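Please see the structure below; I have some questions.
Labels run A, B and C following the written order; every chain starts at residue 1.
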């Protein structure tokens, strides 16, 4: 204490090792420990850890498909990083974000395609597009400047809707047919034609943007953004121009989306209105919140994980492996004590055998179908799950009420499961639910993996928000309501 | 001036508007009580539309219904209301309630997830094709009220009357009953209401049930007058319904009714006249643009809406 | 609710605003800082009107405040809380921040130093390992201190303190009394304080303004105001002055 010597030393309130170490004593999950480890890692090491796998990826694979997936993943990473500015740093729900991605792509199409009759070089086109899209982001943010967060969400969502209407109906965008004769990237007079070339251009954009965001996040602007997220009114009264900061965040995010769009268009060779819809929007949101909104590392990892999963879920083969793998992994990671997941899985196997046997005796039609799955894991469970004959029509849609009821029943069962407090009863109830999950997976979800993956994304978002709203690598936030 | 067209547009606008008003009411009630934007509200409408369609098919279809047509319609609406109501309650219980004390953005993202989940589940179970109520088989298009230039198909009248009846019932519920009083108290100050012995959770559940039941009914009404439904229909109705709620003044019941009719009329008129007014440069698909502009103008000029009071910041 | 309130604060003066709950003290702060616009009347600062300015512009002219209900940036570190408030008198834009120009780096060093200085004002409570801790980990009294540190980092000339001693124990309250005097002497701030604790008011005030129902009922030295019958009446009700 330095305040005067006339009074006796007062107790040292709050200066206390117990308080100082309070963080360490909270119950921690696997993700918490991961997050803490991450926080102690120096920034440079994180950048290398992020960039290195990307940098060597094309050297490791030689299938064109995987390289294309790599490019798509990097573009998704850029999108997630851009969305993170508004959502993660400033706490604004920007639901029009993918419109800026589309704007970037269409702008590229308008400066470098046969349709436009021009072929700008990328070193001019990309910065120009980024600036133009950032300006558009600023304009879209304007009507929202007087509004609290929720209204902003609707204005931006509506804006996205308008953008799609314009794309589909306007003549200069060629409507739903899109613009399909886009020229490749031309960089300093050289056209980029190889997939590896595209990959590294996108990778370079990633490195530039991630560094840009890292430096920005640690600057005066980044601090002010976070202050706005924490408490708008206090930020305003502490000299920060809240409205302008929000518009800046919008513009920066939009500019990054514009860069992503400008790289996406030539990589695809064509742009269509359908590429920039709500599905993409929610996918990018899933990327941002899974990794942890606010953390550049988390957002990047989230984008990679989600895009890789979505890619794997396209075909029934990888889909099944991924599905069963994630279910087992989740059980092992989340259930304590350690033997419990083993017991649950064993019980489920036994339960399945019994149910299957009973069904075969009582109603053979319940087990006489075959699954859509082709992976060996599906072959493995084929004679264990119930696969009723003709439950799913040739179009992949459930043909009868039974299949639909099973699906809805599964949702209800999973929701009910979350209400059970006692860990023991929950583990017991998990057994039939797990079996039902596998049956529904083999019968309904696997019939249309392309749709099922979005069902899973939606469920993941809800579950994540309830269980760990800060995401895998995000720091837990404290709110005073 | 083409009077027939004008009259027809007014009728269209009022029909559409009564649907928007029902959606807006649900938005408004939930927002009023939880300060939460229920982004999944439009999807409840969609599920209601599918429930109505299911009942229709189960009772023999539009060509050859097993019961009297009026009874069929009542049953469709009732089933959709019950299903919508329970869906809304489930959404509240599992997606929103765990997040009451979470950062403000978390329930919104959860709502996005719910909306995406419901849409894709319906897509998974019913496919992407439009399903039709075949309303013209159910009630002949000639049946209706005819008065001078006015020709209104009876189903449109049914839709408007049903919407009006539900809104009146809600109005009475909110202003005259104990539940209504509890709802208003909870909307005003949740914590104070809880201290006064109001079971806030139950009030919230009931609010969700009522609001979602209205959305479910709106889904059937949409199916009846506009014929076809699909998994994505909830998005557009949700947006317009929300716009209606904002224009009317969020949290206000007469505001939602007025806003709904206003947006419905605005949309009908822009569908009808946008092509003439822009000399063919903008087609009727751009009518959404007009609604969007109304939303933006209202947000800039009068964010509290027509019937709302400006919000006071608490320091 | 304020009604025809009229008073002024001189340079480097410490003025206390007292009054029963609902007297309009916090409303007064909100009007000064631009959170609520006054329906009529004017607020002059440095001879110029500040009515109608955005709150952040008023803050930049040199008026900073604390909040009765603490409003810290809870999930930011202690040091960041203070640094953030220096936004108004720093200039590095996005481009300079990203390029890390020498000017930007100097500015960052300066506000880092500023934050450490402001936090050091409170002895060793908010220094050292505390700098890197999130604000939510602080005790209640330390949060109050951090609020004051944050407000001073905005480089104000007029500091508005909204019940700085609320919820503090007697030792801490004494300390706050001393601190407010030091703020003027060492920081050169003019200070307007809302306070309920009469010992604090007595200890710090050059002048006291008493409000009731938005109306100024007394103004003067602590002794003058404390013995003013209308003030006593406002606090204790009519019967006390009239006798049983």
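Here is the rule we use: contacts are C-beta pairs under 8 Å (C-beta built on N, C-alpha and C of every residue); 3 or more make two chains touch, one makes a residue touch a chain.
Keep in mind that what you see is a predicted model, and the values were worked out from it rather than measured.
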Centroid-based (C-alpha) most distant chain relative to subunit B: C
Central chain (by mean CA position): A
Inter-chain centre distance, subunit A versus subunit B - centres from mean C-alpha coordinates, in Å: 30
Between subunit C and subunit B, distance of the C-alpha-averaged centres to the nearest whole Å: 48
Centroid distance [mean C-alpha coordinates] between subunit C and subunit A, Å: 43
Multi-chain contact sites of subunit B, meaning residues that touch two or more partners: 313, 315
For subunit C, residues that touch 2 or more chains besides their own: 35, 67
Where subunit A touches two or more other chains, by residue: 233, 477, 479
List of subunit A residues in touch with subunit C within their complex: 1-4, 7, 10-15, 19-20, 22-23, 212, 215-216, 219-224, 226-227, 230-231, 233-242, 248, 252, 475, 477-480
Residues of subunit B that touch subunit A when the two form their complex: 31, 35-37, 39, 90, 93-95, 98-110, 112-121, 123-127, 235-236, 239, 242-243, 246, 283, 285-286, 288-289, 292, 295-296, 299-300, 303, 311, 313, 315
Subunit A residues touching subunit B - in the complex, by the definition given at the top: 87, 91, 93, 95, 143-144, 146-151, 153-155, 157-159, 161-162, 165-166, 168-169, 233, 278-279, 282, 285-286, 289, 293, 395, 397-398, 403-404, 407, 411, 415, 418, 444-445, 448, 451-452, 454-455, 457-462, 464-466, 469, 477, 479, 481
Subunit C residues within the subunit A interface of the complex: 33, 35, 54-56, 59-60, 64-65, 67, 71-76, 80, 83-90, 92-94, 97-98, 100, 104, 107-108, 111, 123-125, 129, 133-134, 136-139, 141-142, 150-151, 154, 171-172, 174-175, 178-179, 182
